[in-house]
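Heads up, there are several structures right after this.
Two complexes are shown next, each including chain A; its partner changes from chain B in the first to chain C in the second.
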Partner chain A sequence: MKTLTLTIDGKICAGAAGQTILEVATASGIEIPTLCHMKELSPWGGCRMCIVEVGGIAKPVPSCATPAADGSVVVTKNERLDRLRKLTLELLFSERNHICPICPMNKGDCELQMSGYKFGIDGIRFPYLYPALPVDLTGKYLGLDHNRCILCARCIRTCDEIEGAHTLDLGNRGVKSQVIVDLNSTFGASTTCTHCGACVSACPTGALFDKNAAFHGALKRCAQVRTTCAECPVGCGLVVYTMDDRIVDVFGDGDSPVNRGHLCVRGRYETWAVKRERLTEPMVRRNGALAPVAWDEALAAIRAATRGLKSGEKGLLVSGRLTNEAAETLAKIRPSVSSVGMYVAENEAAMCGDPGAARDVFPLLQEADAFVLLGADPARLQGVVAARIRVAVRKRGAKLVMLNVRSSDLDAYADISSRMVGLERAFWKRVADVLKGRRKPVLIYGPNAMTSLGVAAMEKLLKTFDADCGPSVIGLPATTNALALSAAGVEAVDDLSRWFASAPLRAVHVCAADEPAGGARILREREVAGCLKAMEFVVLQTAYFSRLVELADVVLPALAWSERSGTITNFEGRKLPLRPALTPRGQARDDADILESIYA
Partner chain B sequence: MPSSLSSLEDQVVRILARYPKPRSAAMPILHLIQETQGFISKEAMEWVAARLDLQPAQILELVTFYPMFRQHPVGRNHLKICRTLPCALMGAESLRDHLLRKLGVKLDETTPDGRFTVSEVECLACCGSAPVLMVNDDLHENITPEKLEQILAACL
Partner chain C sequence: MSEKLKVKVATVWLGGCSGCHMSFLDLDERLVELFKLVELTASPISDLKDIPPVDVGIVEGAVCNEENAHVLKTLRKQCKVLVALGDCAITGNVPALRNQKDLGEVLARGYIETESTQAGEIPTEIVPPLCPKVRPIQEFVKVDAYIPGCPPDADAIWYALTELLAGRKPLWNETNVRYD
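Moving on, here comes the complex of A and B:
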């Protein structure tokens, strides 16, 4: 790579060809004010806060959008630049309705307000325009107040370049310019928005905000805990913002090698912005009704009810969200419960077992020029992977072929999308045509590739890629830690009624951990409620209330995702940490501790 | 796909063939739609987006940026008054108000008989003979209230 040398504010700075002046300055520790710039996004040059003087050029240039040239002499601060920057800020403040005390980003979270302080803005020399603009509060989790928008397009570029949705754009012109959603739609009615919230994280002002975080505390004053999203096997890095032992907001961790700050709606919002009824005390069924008791009493009730049972008559059904450390506990308690199963998604058991060698998947997705999805629906389950695919298709012209059992939000972006049934020769010919000449194809398969139809389709597919350029094959399971837990010896079960029938069970302990909806998804398999009712004794360990509670004789409160610690292993084989952001609610206890105190 | 749009398919294919990238064809296709349909509907924007592998918002961006694109039908005679500085200096604003008063409509409204719609447009590149007015595709220069009367009378 060609290197460059610049003199910036009298300091000799080294850079590489292709870098902007701002990038070279930042790398050399020289700070230039910015507003519309984000290092993750392509340059925009819209706000003019980052202007610098370059020797030989009369007008100041925007450093974020100007390539660094070898030998140039750059000045980033002087009276003229500061005067112009102040002017820019005054124009921004005068254009809309920046009444800070009633803005959710007041008190340090707004880049515009902080820039105002930094440049000593104490009055505006222009008339305030105060247009009366609408506020869109129809989004499930986010709101957009056009009155606070500075038209920096950070949201638009993020939605386009990172989430790949391009829901947002800039409508109208001049003073009437405004952020638009689809065809003048709203977030609530949008057909393209995935509700990932990336636009909110990108917004420098209070224009875009998280509805559940607004006025719940300034992020700047919150404690931050870096942890891992436990909703799917991607394992995105999270930063949880807390104040007074409650969650204020959750953002992606920019330092995570997995998601680099981006999240999907599940990790960004569903874990905290949706009301979930929390279980906080142990309960024992007495005369038909559950009554709160102390832990000792609950554990004694379990021991009393199971004392006469042989180990083969006791079953333990665990969630695939348990940690790697909990797997060690499961191995330890094996002698006293012989039937241990981990319930996973439909058809997922066959994916478990051999996790294969660890590898970096995201660079592959970043470079792929064709994607084939077989029995996997990342748009519904692993949104951060879906975002990479959308960006590749929309921005880089990558091909997308989908073979699934049901429709997916990614269908709209696919060259070919089909159900797995009744595929004729003409279909495979079409697939071959689409994949022809693709040099870096990726084949992503999910649980539904494990059916006989899926296996047949996989065989066909592998013959369809160009012979000299086989695909990188990536398994994308649905259950958070299923691969690592099964590798640690926990049997994966996707046919629960068969599991119930496979041993002479008389008592069962369902450890749902912090599954959303309290683990009630196991009741989707029609016979499972009957199987549970047929048990003499049922223990339920869960963080949240659900219909399962009615079927239990003893209910034990487990920790929620924000209180857990330990590690989980993602689909790439990366071991990732869970760190508690909150103290346990009520009497809730760690899953492995609970299991150990009952069975060890 | 609405049938009126699908009848444009042949022309769209010809336009697409002129550009290395489909998205570059957005402007001529939008012009084609406005010429044949009279205006650009939401449905049409969705159709263009899908046809060019773009997202709907990317089409609305163009349609709202350029004042010559319209999202509503207009009267038989679309009166387009230049609102840019040279014409404004030569009295375009009072001419506009006169016209609106005379026809009893607001900007971008159509007279009840469907005869006239008045809109403002950016510079028509005829500043030397300001103020100027376009009636559909015909340019009229050096407009005075008297000239306006004649022009209106000649409109069907």
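Moving on, here comes the complex of A and C:
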């Protein structure tokens, strides 16, 4: 790569051809003020805060959008630039209704406010325009207040370039320009918004804000805990903002090698912005009703009820969200409870077993020029992966072939999307035509590829890629830690009634851990409620209330995702840490501790 | 220092919540130091209504009605240095939220539709007519110094006043300025 040498503020700086002045300066430790710039996004050059003087050019140029030229002499700070930057800020402040005291980003979370402080803006020389602008509060998790928008387009570019949804755009012209949702619709009515919340993270002001976080505390004054999202096997890095032992907001961790700051709705909002009824005390059923008791009493009740039972008569059904550390405990308690099963998604059990060697999947997605999804629907379950695919299709012209059992939000981006049934020769011909000449294809398969139809389709597919460059095959399970738990010897079960029938069970312990719906998804399999009712004794270990509680004789409160510690292993084979952001609510205890105190 | 040599100050309270004057009182024991150098004349605190000629005029609040404009212009004539105290005077701030609405809607909301009002009517006498838009004071008169904040805290007010007493214009940066 060709290297460049620039003089910036008298300092000799080296850069590479294609870099902007801002990039070279930043890499050389020279700070240039910015507002519309984000390093993850394409240059915009809209705010003019980053203007610099370049020798030989009369007018200042925006350093974020100006390529560095070899030998040029750049000045980033002087009286004139300072004056112009202040002028820019004054124009921004006077253009819309920036009323700090009533803004959720007040107290230092606003880049416009911080720029005002930095440049000592104390009064505005221009008449305020006071435009009457709407506020869109129809979004499920986020609000858009045009009064606070500076039209930096960071939200628009993030939605387009990171999430790949392109829900947002700029409407109208000149002073009437406005961020629009879809074709001038609202967030509530949007058909393309994925609720990933990336636009909110990108917004430098309070124009876009999280409804559940607004006015709950300045992020700047919050404690930050870096942990891992346990909602799916992708294992995105989270930064949990807390104040007074409660969650204020959750953002993606920019330092995470997995998601690089981006999240989907499951990790960004569903874990904290959706109300869940928490279980905080152990309960024992007495005369038909559950009554709160102390831990000792609950454990004594379990021991009393299971004392006469043989190891083979006790069953333990665990969630695939348990940590690797909990798997060690499961191995330890094996002698006293021999029938241990992990419930997973439909058809997922066949994906479990040998996890194979760890590898970096995201660089593959980043470079792929064709995606084949077989029995996997990342748009529903692993949104961060879906975002990479959408971006690849929309921005890089990657091909997308989808073979699924039900429709997906990614169908709209696919060259071919089909259910897995009734595929004839002509279909495979079309697939082959689409994939022809693709040099870096990726085949992503999910639980539904494990059916007989899926396996047959997989065999066909593998023959369809160009012979000299076969696909990178990536397994994308649905359950958070199912692969690692099964590798640690916990048997994955996707047919629960068969599991119940496989041993002479008389008592069963369902360890749902912190599953969002309290583990009630096991009841989706029609026979399971009956199986549980047939048991003499049922213990439920869960963080949240659900219909399962009605079927339990003893209910034990487990830690929620924000209180857990330990590690989980993601679909790439990376061991990722869970760190507690909050103290346990009520009497809730760690899953492994609970299991150990009952069975060890 | 004799009364005659003291710097004469007047403060006015236009369209604002009085928070800036409260913050001024938050100077607490520093008020004793301040009044060794300063004589407070007309002010909502002193309750003197007529503004005499003064050295420094301090304005809290935005211009919301015709009286506000009149008081502001009078103070400007009577003072040598005019100081905008707080965000309402500087930006319009919270009072300017009503700029989004038509004046008729604003008056109807305030005098007729208010939940506790029965058979209300929009007054035509005694109360000064509202301006069509709430505006910051620098759109009416020349402002010599600004003290941003909603309200500016006592330290910001102390900094600005001591700078002015020393004959300097207060300069703001990230260490001492707040808009909240």
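Following the convention adopted for this analysis, the second predicted complex is superposed on the first by the 600 of 600 C-alpha atoms of A that agree within 3 Å, B and C clash if a C-alpha of one lies under 4 Å from a C-alpha of the other, contacts with A are read in each partner's own complex, and residues count from 1 in each chain.
Everything that follows uses one rule, which is that a residue touches a chain if its C-beta (ideal position, glycine included) is under 8 Å from a C-beta of that chain, and two chains touch if they have at least 3 such contacts.
Here the structure is a predicted model, which means the values were calculated and not measured.
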item	value
Clash or fit (per the criteria above) of chain B with chain C on chain A	fit
Partner chain(s) touched by A:Ile124 [first = chain B, second = chain C, both, neither]	second
First, second, both or neither for A:His166, with chain B first and chain C second	first
First (chain B), second (chain C), both or neither touched by A:Asn287	neither
Contact breadth on chain A, by residue count: chain C or chain B	C
Which superposed partner A:Gly116 touches (first chain B, second chain C, both, neither)	second
Partner chain in contact with A:Thr192 - chain B first, chain C second, else both or neither	first
Touched partner set for A:Leu183, first chain B, second chain C, both or neither	first
First, second, both or neither for A:Cys100, with chain B first and chain C second	second
Chain B and chain C, minimum CA distance [Å, superposed model]	20
Complex contact set, residues of chain A against chain C	93, 97-102, 106-107, 113-114, 116-118, 120-125, 127-128, 130, 132-133
Chain C residues touching chain A - in the complex, by the definition given at the top	84, 87, 90-94, 96-97, 99-101, 133, 135-136, 138-139, 143, 146-148, 150, 170-174, 177-180
Chain B residues within the chain A interface of the complex	42, 45-46, 53-61, 64-65, 67
Touching residues on chain A, where the partner in the complex is chain B	165-173, 180-184, 191-192, 394
